[in-house]
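In the two complexes below, chain A is the common chain; its partner is chain B in one and chain C in the other.
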Partner chain A sequence: MSFIVKRLLWSIPTILAIVIVGFVLLVYTPGDPVKTVLNLSDQEDPLKPVSPHIEKQKKEWEDKLGLNLPIFYFTIQSSVLPDTLYKITDKKEKETIRSLCLSTGQTNMVMDLRRGIKEFKLTWAGEVKNLTPLEKDSLSKEMAEISHNIQLLTYETNKIKIHEYIENLTILTHSNFFSRSHGIMVGMEKEINLRSRPGLEVFAPTIRFNAKSRFHQWLLGDGKYSKGIIRGDFGISYVSKEPIRNHIYKNLFWSVLFSGLGILLAYLISIPVGILSAGINNTIVEKLITVLLFALYAIPVFFMGTLLQTYLANDQYLHVFEPTGIKPVRGFDPDANLIERWIVQLRYMILPIVCFTYASIAFLSRLTKTSMLETFNHPYMMTAKAKGLPYWKILLKHSFRNALIPLITVFANVFPVLVGGSVIIESIFTIPGMGTEMFSSYFSDNIPMIIGIFTLTGIFTVAGFLISDILYVIVDPRIRK
Partner chain B sequence: MIQRLCIFTLSVFFLVACGTKKPGQNGNPNDSTSIKAYRENPDATQCEPNWSKDNIVVNHWLNEPPTLHPTNEYTSNRNFVFGYIHSYLLLVDLRTLELKPDLVKALPTISADGLTYDFELKDGISWDDGSPITSEDVIFTYKANSCGLINNAFAKPYIESLLDVKAVQGSNTKFQFILKEKYILNDYLSTYFPIMQRKVYDPTNVLAKYSLATLRKVEEITVINEMTAWAEKMNGPTYGIEVANISGAGPYKLESWEKGQTMVLVKKKDHWSAKQDQSMLQYACYPDKIIFKMVADENAVKIEANNQSIDVSTFLTTKALLDLEKNPEFTKNYHFGYLPAYNSTYLMMNCKPDGVNHKNFFTDKKVRQAMAYLTPVEDVIKVVYFGKADRLVGPMHPNKKGFNKTLTPIPLDIDKANALLDEAGWKDTDGDNIRDKMIDGKKEKFEFKLMYPTDSPVAMDIADLVMESMKKAMISIIPDGMPMGELVPKATVHDFDMTFFAFGQSALPDDFKQLWGTGSWTSNGSNLSGFGNAQSDALIDSMNVELDWNKRIPMMHRFQKMVYDEQPVIFFMASNRKIMIHKRFGNATMYYERPGVMLNNLKLLCSPANGTSNVQ
Partner chain C sequence: MIKKPNSLWSVKLDWYSQAAIFCLVLIILTGTCSNWIATSKPLYIKNNQNVYFPAFNNKKSYEFTTEQLGKKTYNVENMDWVKLDQTKKVFAPIPYDPGRSDMAFANYKSPYTSFSEAERPFQFVHWLGTNLKGEDLLSGIIHGTSVSLKIGFFSIFIALLIGIFLGTIAGYYQNDTWKVPLFSFILMLMTIIPGVYLADLFSFFAIERFDWKNTGILIGKIFIYIGTLTFILLFSHLTGKLIHKMFRFNKRVYLPIDTLVSRMIEIFSSIPKLMLIVALAAILDRSVTNVIIIIGISSWAGIARLIRGETLKLRNQDFITSAKALGLTNFKIIRRHLLPNISGPIMVSFVFGVSAAILIESGLSFLNIGVPENVITWGQLLADGKNNFNAWWLIVFPGFAIFITVLCLNILGEKFKSLLDPVNRGIN
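Coming up: the complex of A and B.
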C-alpha cells in the first residue's frame, strides 16, 4: 500500500508539470482567441477603425478568457518594459513594443510612437473617407504608398527604418487633402528620436507579484466565468461557446470504446500468438506466422481502412459491414431490444475495431515471443524441465509470467491512445471520437479544446504508468524493493 | 459603406439572395434577361426492387455547422438547415433567382426615395405553439441582431444600413424598415435573418424597452443588468446546441443532433406552409424526415452511394462523381449532374505596383491583354477540372442577370500576345530568351513572381500550365507557392506581381464596388489588381442606387465591357457544383444556387406501404 501511495504522490508533480505545459501552449499558440470567438476576420483592414461594439465585445471576451491579466503569479521583466504590457492583447503589437523598448531603453518614446501611429491611422482614414472618387483616382498612387508605409511602420522594430517610414509618410501626406495626417507625421518626425543602443537600465529587472493571473484563472477559476481545470473545467469552446468538458465527455466514450476494444483484442490475440510462436520457434509454421504478422504491420492504417470499407462494406463487392457511422442513419428498429441493437451496431463497429487492432498484433506478439525466449535460458527454466514438467506448462507458468514485464510497460502507453483516439480511423469511418474532435479543432483554431485533450491525455498517461507500476509489483513482488 | 465593402464576402453565407424589385414596380419579370438557374430531371418510370420505400431523405454533408444559433452562427453550412427550420421575410426562387415573399404577403412597397420599406405579414402564419407570427417577432429579430452585446460581429456590417424597424400603428402585421441609404442590396436584410419568436428568445421582453439605435450603443446598454443577462443567455450554447431550444417558423423541426454523425429534421404536422401557394419551393414539403449524414472521407461517400445509403449529395468532388459515373448501378439509381455554380477563380495582375518591390509589368493595358492571350484557360479546364468548370470572360458569372453576352472568351493566341508585347515595348534585346524593356533608364527583364496557394490541390498544376505557356512568349515566371494564410494578407496589401485568387459568390446581384472600386483598393479590400478610375467608380455608384433593372442592365453591360477591355485580371473559370439525387424521389430538380437541391421538394415515387410504384 505504501508503494501505491508513494507512486500516487509522485504523480502529482508530474500532472502539475503537464498542466503548466498545457497552459504555456495555450498562451503562446499563435492566433487571436478573441477574433476566433467573435468570428472576426484575420484580414481586418489595419487602417479601418474598429467599430465600438466590436471593440466592446473584444474587451468582454478578453476579460472572460483572462487575456488582460498577467500570465503568472509573478513577473520578472526588464525595467524598461511598460508595467501594463500584459494588457495589450494584440500579440504582434506586444512583440513590437517589447522589442523596441529593449533595443532602445526609451519606454516613453516608444509609447509616444505607438500613440502617434494610432492617431495617424484614424486621422488618415477619416481624410480618405472624405475624398471624392475623382480625388481618390488622382491620389491613388500616393494613397497606396501611404498605406504601404504605415503598415510597415506599425510593426517595424528597426530604428533606421522607422525614421525612414516616418520621413516617407511626411512627404507623401504633403498635400492639402491629408493636412491633419501630415501634421501628425511632422510632429512625430521632430519628437521621435530613438536611440540605436539601450542604456544599462535594460538590465535592471523589476519583480512584480500578481494576485490575479491567467494561470490562476485557468487552474482554479475566477468564480465568475470559469471553475478552473482543477474542477474539470477546460474553458469554453471558441466555436460552439459550450464548455469544453461537454465535448470531451461526449467524444471520449466513442474513442475509449473503439480503441479500448481494439487494444483488448490486440492483447487477447497477440499474447497466445506470441506464446505459440515461442513454443514452436524456428518451425515453418512460426515463420509463416511471423511473415503474416509483419505484412499486416506494414499496411498503413488509412489503406487498410479504405480496403476493408471497399471490399467488405460495399454493394459492389461484399456488403457485410457498414462503411461509416456508429449506428443506422434511420435509427434502430423501435421494437428491437438492447441485445438486438448491439448486434446491429456491431456491423458498424467491427471494421474500425479491426483497424485499431491489426497493427498492434504483430508488435505485441513479437514482444511476447522475444520476452519468452529470453526466459528460456534462465536456471529456473532448466529446473522446471529437469523436474519433468510438461512443455506447455513450463511455457505458461514459468516463462510467460516472467515475460510479462515488457508487455506491462507497453500497456502503460495504451491509456493516451484511449483518450486521443485516432484521427485517421475516426475520419475514414466517421466516428465522433476525440481524434475527429482534435482534427476539427485544429482547423477551427479551437485552441482550448486542443489543450484540453492534451492535458487529459497527459493525465491519462500518468495514470497508465501508475497502473503499470502496480502491475509490475503484482507480477514481480521483488520490484517493490 | 462597410456593408457594401463586405457584401461580396457575405454572399457566401446567404441562404437566398435578393435584389430584384417588385414586379411591375421597378423591374420587368418578362424581360429577356431573366435567367433559368436549374436543371430538371425526369421522374423514374419504375421503381427498382432494391430502392428504399422510406419517405426519408438522407442528405450527405462533409461537415456540420458548429452550432445552429439563429444570430451567431455564420458558417455557410447553417443555411442547409435553416432553410427548413426557419422562415424569412423574403426568399429567392431558386428557379429564377427572383425575390418571393415568405412570411410577408407581398414584396415590400418601397418609398420614392428608396429609404422606407413597407411590409405586411401573411394571415394564418404561426409558431409551433399556435401563437401567430406578428410584427413584434420581426422587430425583436432585427433588434437582437443589431444589439451590440450579441456576438454576431460578422453580420453587424450588413445590418448597419437599417436605421429602424417599427410596427405600423394599430396593426400587429404591418411594419416598416427605415434604411440609411438607397442601395440595390437593401432587400437582403429581409432574406438573411431568420425570424425568431420573441416569446422564446426574450420571454421578459427586455429588448422592447430600448430602441434599435440604443441597442447599438454598447456603452449605454452594458450597464443595464437585464440587458447583459439577456445577452449572456442569448450568446450562450442554449440556442445553438440544445435541440429542444432550436426552433423556428419553418416547415421542419430539429428532432435530434448527434454531433459528427447525423442531424434529423422532422416534418411539422399541420404547418401553415401547407395552406400556402405550393408552387413556392419552400412550402412543398414531402419527406417525413430529412437526415443530414456526415461523411468526410471521399472513398466512403462513393461507397455510401453504391450502397444507396445516401439519397442526395451536393458535396461530391469532380473526381468522385466521375468515378461513380462508371458504375452502371449508380447511373441506374441516381440522377447526377455538374451544374454551374457561383464562384470565380482569377489570376490577378498588380496594375498599380509600387515600382520598387514590384515592377511596372502590368501597368500597360497591352501587356495585360497579352497575358490573357497567353493563358491556356481551356486547357486548364480540360486537364485540371476534367472539363467540369465554366469559363469566365468578365467580372460577372455568365448565368447571372445582367451578364454582357457580347463579351467573348479570349483565346490562346501566342502570336497575338507576341505582337501586343512588342507594341508595348517588351522585346528580347539581349538574346537571353527573356523579353526586356528600359524603364526609368534601367533595363528590366520580364520576369515576375506568380503567387499560388500550396494548400490548393490544383493551383500548382494550373501554375505549371501558365508558366509553360508564358515561356513561349519569352516571359519568365518564378513560381511562388505559399499557404493560403500567407497568400491572402500579401495579396490584400498588393504585395505581389501576379497571384491566384478565388472568390465564393452567390446569385446575389453584383455590387462591383468591392472587387472593382478604387476605394476597395486603397483600403486594402478585395480590389487586389488596382483596377478602376473615377469613371468606373461613378458607374459603380450609379448602378448601386439604380433599383430599376431596365436602366441598370445597360450600365452593367458598359461596366463589364470596361473591365474586359482593361483586363486587370485574367478571368479563369467557375468550377461546377456536383450533385446526385436518388431516383426513388421525383421532383429531382438541381439548382445552380446553394443549397443545390431543395430536399423538402423530393417526392417519394414508390409507395412505402406495399412497395408498388406510384409512378404513372
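Coming up: the complex of A and C.
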C-alpha cells in the first residue's frame, strides 16, 4: 500500500512539470495571439490606422487571454528594459523594443522613438486624408516612398538603418502638405541618437514579484475568464473562439473508440499468436509467422493506410470499404434500425481499426513469444513436464502466466494513444478525433489547442504509468517491499 | 593480432543480416551521392576544347560556343542541357532534377507508358513515372534518401549525446558518490535562475554580434545556454569550496544526480513523442535543422534510461572497483572502462533509433509538417500520391523505399540485440 501512495505522490511533480513545459511552449510561440484571433494581417498599412472598434476588441481579447499580465510569479530582467514591457502584446513590437534597449542601453530614447513612430503614423494618415484627389495624384510617388520607409522603420533593430530611415522620412515629408509630420520627424532626428554602445548596466537585473501572473491564470484560473487547468479548462481556441474543452470532449469519444477497439483487437489477436508461436518454436510455420510479423512491423502506418484506401476503398480497384469519414455524408437511411446503421458504419470503421491494430499485433505477439520462451528455462517448467501435464496446459498455466508481466508494462504506453489518437491515421481517414484536431490546429496556428491536447495526453500518460505500476504490484508480489 | 573471443565483430552473420547490411550500404551510398546520381546537369561536358564538370560544382553560369548562336552565356537555373549542340556530354544515370517539371511528361505518366511517347535517348526515360507537374519520381526518391538519412542519423546522434551523458552520470554517480560542500550545493541552487538570465542576455548579444539571424540561431542559443549554465555552476561550486576551506565548515552533502536524471527521464517519457514533436514544430520555423533538433531532443529519454540501467549493472563489478583502487579518476573510469563495455547496447539503440527517426520524419512530411515544402522527402512524395489514386506508382515506390530502409535497420538491430544476449553467444 505504501508503495502505491509513494508512487501517487511522485506523479504530482511529474504532472506539474508537463504543465510547465506546455506553458513555456505556449508563451514562447512567435506571433501575436490577438492578431491571430482577430484575423488581422501582420503587415499594417500606415495609411489605415486601426479603427477604435478593433482597438476595443483587441483590449478585450488581451484581457481574456491574460496577455497583459506578467508571465510568472516573479520577473527578472535587465534594468535597461522598461518595467511595463510585458504589457505590450504584439510580440514583434516587444522583440524590437527589447533588442533596441539591450543594444543601446538608452531606454527613454527607445521609448521616445516608438512613441514618435506611432505619432508620425497617425499624423501622416490624417494629413493624407485631408489632401484633394488632384494633390494625391501628384504626390503618389512620394507617398508610396514614405509608406515603404515607415513600414521598414517600424520593426527595424539595426541602429544605423533606423537613422537612415528617419533621415529619408525627413527629406520625403519636406513639403507644405506634410508640415506637421515633417515637424515630428525633424524633432526625432534631433533628439534621438542611438549610436552608443551600452555599458555594463545591461547586466544589472531588476527583480519584481507579481501577485497576478499568466502562469497563475493558466494553472489555477482567475475567477473571471478562465478556470485554469486544474479544473479542466485549457483556454480558448483561436479559431472557433470557444473554450477548448468543448472541442476536446467532442473529439475524445472518437479517438477513444477507434484506438480502444484497435488496442483491444491487438491484444486479443496477438496473445494467441504469441502463445502459438512459442508452442511451436523452431518449426517452419513459426518462422513464417515471425518473418511476416517482422515485415508488418516495418511498414509505416501512412503507407499502409494509403494503400488500403487506394485498393480497398476506391472505385478504380475494389470498393469494399469507405475511404474517409465515420458515417455517410448525407446521413443514415431514415428507415434503418440500429443494427443496419451499425453495419453501414462498419464499412467506415474497419480500415482505420486495421491501421491501428497491425503494428501493435506484430509488436505484442513478438513480446509474448520472447517472454514465454524465457520462462522455458526455469525449473518449474521441467517440474510441470515431469508431472506429465499436457503440453498446452504447461504453456497456458505455467508459461503464459509468468510471461504476463512485460505485456502489462507495455499497457502503460497504450494509454496516451487511447487519448491522443494517432495524428497520422486520423488525418488519413478524416476521423474527427484528437489527432485530426491537432493536425488542423497546426495549420491554423491554433496554439492553445495544440498545447491543450499535449498537456492532456501528458497527464493521461502519467496516469497510464501509474496504473501499470499498480497492476505490476498486483501481478508480481515480489516487488512489494 | 589476437582475436577477442565473443566480440561483436568476430561473429559470422546470417545471410539475411548480410543482405540487410548490403542494402543499407547501398542506401547510404545513394543518399550521399544523390547530387551526382540524379541531376539534370551533365557529369562531363566538352565544348570548344574546354572541359567542364557541371554536376560537381555550383557554378551559376557557363559560356559555351555553338555553331548557330556563337558564344553565349547560359544560366544553369533554366537551361536545357540536352539541346546544347556541338558538345560532348555525359549525363548522370538519372538525368532529372527532383521537383523540376518536365512538360512533355506532365499529368501522371506511369513508369511504362512514358517510354515510347517522346523521342529521347534511352537514358531519358522516367523509370518510375512522373506526377502531375511531370516531376521525375526516381530522382525524388534518390534525393529523399539523403534527407531521410541525414535527419535519421543526426537526430539520433543528438539523442545519443544527451542520453549517454545523462545515463552514464546517473548510473555511475548515483546519489551517493559525488560529495560537495554544503555551500557549493546551496550556491548552485541559488545561481540557476541568474544563470538562465545571463545566458539569455549572452545569447542576445552573440546573435547581434555574429548576425545569426537566419542560420543556426537555435543551435547557437542552445550552445550558449549550456555553456553559460555550466560555467555558472562550476563557478558557484568553486566559490563554495573556497568558503568551505576558509571557514572550515565541514558539512558536505551528496549531489542527488540519479534522482534528478531519473525524474527528467520520467517527465520526458511521459510526454507523448509525436505530440511533443508537433507542438515544437508549430512553434519553430520549418527547416531540416530544426526537425533534426526536435526529433533529437524528444527521443533521448529511452536511450538515457537504457544506458543508466546498463551502467548500474556494471557499476559494482570488480573491474570498476579495481580501476578505482588503482586511483583512476571517475572521468577516466567512465571513458576507458565503462563506455567500451556498454558499446553494444548503445549500438543497438542507435540502429533502432535511426529507424524510428526515419519513420517519424517521413510521417511528419507525409502530413506536411516540419520539413519545408521545397525539400523533397519520401513522405512528401507519398502524400502526393493521395491526390490521384490512379497513380499507384506515386504511393508504392516511396512507401517501399521507407519500408526497405526501416526493415533493414530493424533486422540489423535485432541481430545485434541477439548477439549481445549471453545465452545466444554461448551457443555460437
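FYI, the second predicted complex is superposed on the first by the 368 of 481 C-alpha atoms of A that agree within 3 Å, B and C clash if a C-alpha of one lies under 4 Å from a C-alpha of the other, contacts with A are read in each partner's own complex, and residues count from 1 in each chain.
Throughout what follows, a contact is a pair of C-beta atoms (placed from the backbone, for glycine too) under 8 Å apart; a residue touches a chain by one contact, two chains touch by 3 or more.
Keep in mind it's a predicted model, so treat the numbers as computed, not measured.
When the two complexes are overlaid on their common chain A, residue A:Cys101 makes contact with neither chain B nor chain C.
In the overlay built on the shared chain, the residue A:Met143 is in contact with chain B alone; chain C does not reach it. When the two complexes are overlaid on their common chain A, residue A:Ile326 makes contact with chain B while staying clear of chain C. Legend: residue contacts after superposition of the two complexes on their common chain; A:Ser427 is shown touching both chain B and chain C.
In the superposition on chain A, A:Ala359 contacts neither chain B nor chain C. Of the two partner chains placed by superposition, A:Ala278 touches none, neither chain B nor chain C.
Shared-chain residue A:Asn314: touches chain B and chain C both. With both structures placed on the common chain, the touch criterion links A:Ile76 to chain C but leaves chain B unconnected. Once the two complexes are laid over each other on the shared chain, residue contacts for A:Ile117 go to neither chain B nor chain C. Counting contacts as defined above, chain A residues 306, 309-310, 314, 316, 427 meet chain B in one complex and chain C in the other. Against chain A, in their complex, chain B makes its touches with residues 1, 9, 54, 56, 58, 63, 66-67, 72, 74, 148-149, 151-154, 156, 216, 218-219, 222, 235-237, 240-241, 258-262, 291, 293-297, 299-300, 303-304, 306-309, 327, 329, 352, 354, 485, 488-489, 492-494, 518-519, 521-525, 530, 532-534, 537-538, 541. Chain A meets chain B in the complex at residues 37-43, 45-48, 51-54, 56-57, 128-129, 133-134, 136-137, 140-141, 143-145, 147-148, 151, 239-242, 247, 250-251, 306, 309-310, 313-316, 319, 322-326, 329-330, 427-432, 436-437, 440, 444. Residue ranges of chain A in contact with chain C, taken from their complex: 13-14, 17-18, 21-22, 25, 28-30, 76-78, 99, 102-103, 202-203, 205, 294-295, 297-303, 306-307, 309-310, 314, 316, 416-417, 420, 422-424, 427, 438-439, 441-442, 445, 447, 450-451, 453-454, 457-458, 461-462, 465. Note for the complex: chain C touches chain A at residues 193-194, 197-198, 201, 204-205, 208, 263, 266-267, 270-272, 274-276, 278-283, 355, 359, 362-363, 366-367, 369, 379, 382-383, 385-386, 389-390, 392, 395-396, 399, 402-403, 406-407, 410-411, 414.
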